[in-house]
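Below is one structure, written out as C-alpha cells; comments come after it.
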Amino acid sequence: MSIKVRYFASLREKMGRVEESLAPEGIDTVADIWKVVDEGQPLPEHILCAVNMEYADPATPVRDGDEVAFFPPVTGG
Amino acid sequence: MSIKVRYFASLREKMGRVEESLAPEGIDTVADIWKVVDEGQPLPEHILCAVNMEYADPATPVRDGDEVAFFPPVTGG
Amino acid sequence: MIELRDAPFEPYAELVRYQAQTLGQTGKYGATCAFVGTMRDFNEGDAVRAMTLEHYAGMTERHLERIVTEAGRRWDFLDVLLIHRIGEIFPDQPIVLVAVWSSHRGAAFDACRYVMEELKHRAPFWKKEVLANGERWVEKNTQGY
Amino acid sequence: MIELRDAPFEPYAELVRYQAQTLGQTGKYGATCAFVGTMRDFNEGDAVRAMTLEHYAGMTERHLERIVTEAGRRWDFLDVLLIHRIGEIFPDQPIVLVAVWSSHRGAAFDACRYVMEELKHRAPFWKKEVLANGERWVEKNTQGY
C-alpha cells in the first residue's frame, strides 16, 4: 500500500504535480507528509489539508491507504 | 369640498360601506372623523389609518379635500 | 420595476425576461436573490381553496416604491423587480416576486429580505381566504425572522 | 438535489423544472428563496475574460451534501436545489444556484443564505481568472455579510 497525496489549484501549479504516492514508513500525521513533499519545510499556515476528503490539520493522523490533499483557501460560489 | 373617507377589507365589510363624504365642519383630526362615522366611539387600537395615502394616527390633522382611510392590519406578500 | 398584477404570472419567466431586457449582458451583477411567495392550500390548520387580495390603489404602489427606494439607500444594488398579485388567487399560484441584482451577495440577500419584510408590514394589501365552510380575513402576518 | 455541471445552465429554468417535478402541485410551499451567483466581467478592479472552476471530485459533493443536511437540521424546509458549475465559465454565465422551498419565508431566506455562505467557506472549489494580461487564482472570497 501507500499514501496518496493530491494537490489542487495554485498549490498544484506551485508543486508542479497533481498527485504522488508516498511509502507510509515514518509518516504518522499530515505534518509528516508535508515534510516529505516539501523538503522538510513546515506546512504553510494558509494551506488547507484533508484526509480522506475530510478537513484535517497538521496533527491529524494518517495511515497507509489514506488519501491526503493539500490546497489553498476555497473560492467557489 | 368635503372629506372623503374610505374603508378596506374586514373593516369595509363591518362598516357596510366602501366610502363616504363628510362635511369638514367640526373635523380637525383623524379621531374626529372616526367619531362621526362610528357613532361617537373612539378609534379601535388595531385599526390603521391613512391621510392622503400616508400612514397617520388619531391625532393627525385633517383638512377639507383630504382622503382619509381606515383599515385592519395589512396582510400582503 | 414595481408592478401589481390582476392575473396569474410566472415569476421566474418574468425575472428572466426583465433581466435580459434591463440588465442584459452587462457582466455587472454577480448576485441575484429572488424570493417568491406562493399560495399554500393551508393556513392556521385549515384547508384553503382560494384567496382574494384586496389593495388600496395608489397607496399600495406609493409604499412599494418607497420601500424599494429605502432599500436602495441602505444597500448597493443594481436593480429590483417586484411583482405582487391582486384579485383572486388559487393554491400554488405565486403571490409575490422580489428579485434583487447586485455585485455581491450580501446586498442581494439583505435588500431582498428587507423589501419582503417591509412589504408585509407596510404595503396595504389584505387577504381573504375561502375555506370549505366560508370565508375569513387573514388577521395578521406570520413572523419573517 | 445537488449537482455539479460542466456546461452552462439556465438556473431559473432548472428551478422551474425541479419545482414541477419534485414539489408539484402540492400547495405546501409558501416561500421560495433562490440565489444565483453569476460571473462578473470584473474582479478587484480588473476586467475578467473567463474563469476556470476547479474542484475536488468526491470531496466537493460530500461537503455540499453535508451543508444541506446541516441546514435541514437548523431550519424547517421542504426541499433544496443546488447546482454549481465546474470547468470554463464566461461573464454573465451562472456559477451557482441555491433554491430553498419552505412553508414560511424565514426558513427559506435563512437556509438559502446559510448554504451559500457555507459553500463559499467549505466546499472545495477554486477559481482561476483569465485577465487581459494573463491568469490568476482568486485567493479568497468576498465577505457575505
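Observations on the model:
For clarity, chains are labelled A, B, C and D in written order, and residue numbers in each chain start from 1.
One rule holds in what follows: a contact is a pair of C-beta atoms (placed from the backbone, for glycine too) under 8 Å apart; a residue touches a chain by one contact, two chains touch by 3 or more.
Predicted model only: the values in this text are computed from it and were never measured.
Note on connectivity: the fewest chain-to-chain touch steps from chain A to chain C number 2. Path length between chain B and chain C in the touching-chain graph (shortest route): 1. Separation between the centroids of chain A and chain D, computed from CA atoms only, is 27 Å. With centres defined as mean CA coordinates, chain D is found 49 Å away from chain B. Centroid to centroid, with C-alpha atoms defining each point, chain A and chain B lie 72 Å apart. Centre-to-centre separation between chain C and chain D, using Cα means, comes to 22 Å. Counting partners per residue, chain D has 37, 105, 116 as the residues that reach two or more other chains.
Contact of a single residue of chain A with at least two other chains is seen at positions 77. Listed by label, the pairs of touching chains are A-D, B-C, C-D. Only residues 6, 8-10, 50, 53, 55, 69, 71-77 of chain B touch chain C when the two sit together in their complex.
Interface residues of chain D facing chain C in the complex, by the touch rule stated above, are 10, 12-13, 15-16, 25-42, 91-92, 103-106, 108-109, 112-113, 116, 142-145.
Contacts from chain D toward chain A in the complex involve residues 37, 53-56, 58-59, 62, 84, 95-96, 116, 119-128, 137-141.
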